[in-house]
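Each of the next two complexes has chain A plus one other chain: chain B in the first, chain C in the second.
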Partner chain A sequence: MAIDQPGTTGTPDADEDEPEDIVMSVRDARVSFDMARGQAWVLNDVDLDVRRNEILAVVGESGSGKSMFASALLDAVEDPGVLAGDVTYYPDEAAGESQTIGSFDQGLDDSVDVLDLDSDELQAFRWEKVSMVFQGAMNSFNPTMKIKAHFHETIQAHNAVLEERMDHVRKLFDALYIDFDRVMTSYPHELSGGIKQRTLIALALVLEPEVLVMDEPTAALDLLMQRSIISMLRNLRDEFDLTIVFITHDLPLVGGLADRIAVMYAFEFVEVGATRDLMKNAAHPYTRSLLRSVPSINSDVDEMEPIEGARPDPVNIPTGCSFHPRCPVADDRCEIEDPDLAAVEDDLQAACFYTDQAREKIDYTLEDESTEDDR
Partner chain B sequence: MRYYVRRIAQSVFTLLSGLFLTYALYRLIPGSPLKAIMANLIAQQQRRGEVDTEQVARMAEQMTGINPDEPIIVGFFNYVSGIVLRGDFGTSILYQDPVFDILFRAMPWSIFLSVYGIMLGFTASILVGVLMAWHEGSKLDSGLTVLVLSVNAIPYYVGAIVMLSLLAFQWGLFPTGGRAPRAVAPGFNVQFMLGILHHGALPILSTFLLGFGAGSLGMRANTVRIVGSDYLRSARLRGVSSNRILTRYLTRNAILPLYTGLVVGIGALFASNVITEYIFQYQGAGWFLFESVVNQDYPLIMGSFLFFGTVTVLGILLADLTYGLIDPRAETGATRDTF
Partner chain C sequence: MSTDDATDGEQHDEEAEHADEPLLSLSDVEVHYDTGTGIERYLSDKRVKAVDGVDLELEENDIVVLVGESGCGKTTLGKSAVGLERPTGGSVKYRGQDIWEAKDHPRGADIEFREIRRAMQIIHQDPANALNASRRVRAILSDPLKKYRTELGPQEREETIYRYLEYVDMTPAEDYADRYPHQLSGGEKQRITLGRALLMNPDVILADEAISALDVSLRVEMMDLILDLQETFDTSYVFISHDLANARYLAKRAGGRIAIMYLGNIVEIGGPDEVIQNPSHPYTEVLRWSTPSMDPDVAMERIKEKPPVRQIDVPDPQDPPSGCAFHPRCTKAREACAEGAPELYDAEETEAACFRALDNHEYWSSPELEDAEGSGTAELGVGD
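Presenting the complex of A and B:
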């Protein structure tokens, strides 16, 4: 398992004297589908590090590959998709030997090559180390099984101690403000969307994973419920020592939640950075256009500025920079050369040759509320 | 509770309406069996000389349990009250036995055929359906689909006749008719039991084919839908074992839409038994119904209809009342609050 030293490849600007504590790193991850029209790339050689205990938001429009990235973290890309590259998990050294909840045995290595695990190991790895809350919480429970059975079967599948785990679930339910006894004896259809979503989060955390991947967890909820779940996530992260990877299409929503934001366009990361820097003064033209197109309650509908053009076809990704056909600052160079992520500021990287021009040409203003760190 | 009372009352009403229709139609049809019987009696008396219309009417009433001079409503009332108060279903003209006794003796045989046929048929369709869905798109899937469609395309009575002619008449593997071996004393002895199975095998097989085809394709479609569902993917990632996914997730949930069909199908199967039993000369309730129709044995027709009607209505009632037990989403009434 020869893997690059974490924190060097994806974040070349990282402070040399203070190496970041990386919990998962993704290198050259690519997912391809064989289609009748040719091979479709739905994740295109992406590199990203997930830092321990951070909330990382992965933002992109639908079909940008963000769900594929989420699945890749658990090696859960569905057939016929093929995932290649490296996904590495670094266990928490501080926690040491105390973690004996499930059946996953990471052995003596200090890192786990996720794509190298055999199917038994992978089955143990998922949920014990990295777990996931799916898109569409409404359909994530078996409709003919009580909620309790979902918890029990998960605990038993991982050979964990039932009572001890259920005590933990009680704590999770308290942290998520749901009534343990009532919810446990209910069928999924008897619960409201918000409770179902929160129960699903608790189900993902039964085995105390280090990383929680959430794929559009708030997509089907009303705005109030979205807010309340977002605010619970921070508490959850602090209380249970979690790292959260939050996949969403809603950039302003995660402005107040995430520590870092990674923006995806056309199956690649185009900009990665600390939330404050990225929201305040994004460097990539796509991010800037995206922030500009956010509807605001104060501005007129006519003033809304959508991004012109259509998203690229996964079989036929544009050469060079994949955003160039829709980019206002693109020139000939962008059509030929594909820019890599490069440092713009201390904790902000963008894959663009003309970040200065982009900042000059594309203006946006944000409503205070979404950039304010008010939670 | 109110739901159950209402639902049962509905069933009783359905049964009574059906019964009334049969009764009224019997009386109203031009050249009805009743008129035929009376004409027969009159002809007999004419040969002897004088015609006593009152005596004819009395004799007709004796034979059919129907007084031709009564209005239909009154006659129907008398017929039903006879059943309810005295357990009197009339007397078969053909066999000169109480209708109830004839049907009561025949019933277990019909139930034997139907229950085994339907149980085998549905077990097979569930297994084959899940198997096809699990290997969706493979050669096994297409092969089984072709097989199921071919089986489905052959009417069960044609299948029955072919089986009868090949397996029974040509090769002599099975008896050509009857319910039990004549030579063996009836009772709980091995030989008699085996004899019953031997006689019942072909009718059961033909009933089985009836339930098999359509069921397995439906099951396949339901299962494929569930294989693609979010909760199945989620369960797999949670590490739930394939066995549990197959039983608790796939099969369990895919059966739900078929369940009503299964229970209602019991009624339909009894009806199809009329033909199956006749082909195999198997003296069950269906065979007696056929005989009674051919011989204008009116009380037996009414009795048989009552029997088949009751089975069908009971099947539907059972499906309605028990669906809530197997699918928690269909709980009847507001027994639990959503919160």
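Presenting the complex of A and C:
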């Protein structure tokens, strides 16, 4: 559905009746690298819409192309990678006045073609409209500068009003349970990893972007801190009207957080859907196999099974459906034809010809004995 | 030792001699580090107690999974257990022989230090850094054979390498033996390091986060391989993990134990179902709460709950809390917990280092603990 019609293209005024309010849309995005062994595709013609105010989790294993998708959203693919296709941002016309915060200038009800921006525009766009927190980025603070200086520098670079912005930072710090006075006057090395990562999230939000893209933002943190940040993100979204794109390899981590999940395999999306539908009864053989291969705290250990075979080489992606060499329900058709994402249910799409067979043949159970009392 | 090739007679005698001793026995092991550099080290009496008085025994064919957050001392304890880190206090015995005695006083030792070293191997978290990138798999695997199996000729050595490559599911072995590490996937590299460790015919393997660097869909496969080979080779494992779900998988399949560590101590130890389903230590409950549920309905409810701790940040290990090290974060702490440090007691189904395991402890009549002001409670935890 959303995939077939590119969101609210061109006519954002007319989208009152649209079922979905799209904030970013990606069409035919592809990233290639020239390697000695040939051309490597690390993002292979992907289409995806990000809905306004949702938390979208992009889930994939290492080397599936998920980080490349995150970079594509901000036109931040590093050389020598080449990004082609369309990435479009649709501003929220209701929030007209907030668009005066920084220096990024756009016609009020125009959509923004992200890949068309020059480098100054892109610089402004990346903080003011779509912001990003990278993996392990808590180490990107300058060790010789106090935290406060990092905020001031960012605000001034975007010609924003310092006092007004710092008031906003106080609100962000409250939502992230950071002690404003202590942290602002500290050097980065004086702070724990968890506090640094939360501070960095606040820094990414200082210019009130609409979209926050996070690549494995909790990967280097302890379990409890991970869970705590996950809870804070939900509150942040509600309080500051954010859209969050959360990139991770950890499917169980986002079960309670995301509204929708998009699963990547071999540089493309193989399944996209509402979290509950996707986790409870996935349609794509890869998603089902993945759910069956990840032990959880009270799953049946005898039912766990790894996914046979190895992940594909970016230089040599299998023909047809890229999962077919590892797929228990694949047949000749899958070797030749590459399935597109197609609706399986209301809010669930899968790129597979044989979703019924997959559901029949690949069994998995989420833990069902509910985790009784906790205290 | 069920394998055909790897045992030598000498070792059999020693085994018979020490049959009644546990394979590995740690008693009151402490690893304390001085902090600071140069003169600071002498002026300051601050020490980091990475491991602070741990007792642990490992039998033949046993698995213990050490679980804890970063900085809890699980790697230091693991390394002490296999003789890679010298404890500053306490003893580590291999089949009854104190391993550091064997090193310092080789004449009086029943088992040579070199032999102990061979018997205890390690697999690291990152297989890419554990393999020499400029050498082929064949060369990487011949080193331990050249050092410890000097009786083998080149032909036998070659055959042994192929056989071990097959043990770790790397077939055709001839093909893999010719590859360089960069021609292997992460999972394959980790299997080479496992094969290399097994070539020494060890009694104990320390696997330090050995599956954390692998793709999630391959972790079960690697754990299954380790378990299969444990049956083939009768090896015991000390497995280190920060992930309770993986720890449970391993311990459950192997019939082993899970040991939960917090700031240098084992705070709870027992069978996987007992530790996870019916923990007696509040910290184990926190870890379980933090491990996400696969069921989205449960997870969506959970995410709205407050974390079951007073504060989310771990205290500075240079300045650990008095009494029970967990008390400033523990929702069940009372004043008694700030005064005395609990040892491991027999609890309901596990052993736990918590006064609540003792029915008649003064804890029960002790007043509730006031939240220490400014101790980071504002950081999160109890706010909405």
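Side notes on the structure shown:
Here, the second predicted complex is superposed on the first by the 340 of 375 C-alpha atoms of A that agree within 3 Å, B and C clash if a C-alpha of one lies under 4 Å from a C-alpha of the other, contacts with A are read in each partner's own complex, and residues count from 1 in each chain.
Keep this in mind: a contact is a pair of C-beta atoms (placed from the backbone, for glycine too) under 8 Å apart; a residue touches a chain by one contact, two chains touch by 3 or more.
Predicted model only: the values in this text are computed from it and were never measured.
Superposition of the two structures on chain A leaves chain B and chain C fitting side by side, clash-free.
When both complexes are overlaid on chain A, the residue A:E20 reaches neither chain B nor chain C.
Touch criterion met: A:R126 reaches chain B, while chain C stays clear of it. In the superposition on chain A, A:M145 makes contact with chain B only, while chain C stays out of contact range. In the overlay built on the shared chain, the residue A:G256 is in contact with chain C alone; chain B does not reach it.
By the touch criterion stated above, A:D45 is placed in contact with neither chain B nor chain C. Judged by the touch definition given at the top, the superposed model places A:S192 against both chain B and chain C.
A count of residues in chain A touched by chain B and by chain C gives the higher number to C. Legend: residue contacts after superposition of the two complexes on their common chain; A:T275 is shown touching chain C, with no touch to chain B. Touch criterion met: A:H158 reaches chain B, while chain C stays clear of it. Superposition on the common chain A brings chain B within a closest Cα-Cα distance of 6 Å of chain C. Shared contact residues on chain A (touching chain B in one structure, chain C in the other): 192, 195.
Listing the residues of chain A that touch chain C in their complex gives 61-63, 177-179, 192, 194-195, 222-228, 230-232, 234, 249-253, 255-257, 275-276, 279-280, 289-291, 293-299, 301, 304-307, 310-311, 366-368, 370-371, 374-375. Chain C contributes residues 69-70, 185-187, 215-221, 224, 242, 244-246, 248-249, 252-253, 276-277, 285-304, 307-309, 312-314, 378-381, 383 to its touches with chain A in the complex. By the touch criterion stated above, chain B contacts chain A in their complex at residues 229-231, 233-235, 237-241, 244, 248-249, 252-253, 256, 326-329, 336-339. For chain A in complex with chain B, the touching residues are 74, 76, 78, 123-124, 126-127, 131-132, 134-136, 139-145, 150, 153-154, 157-158, 182, 186-187, 189-192, 195, 203.
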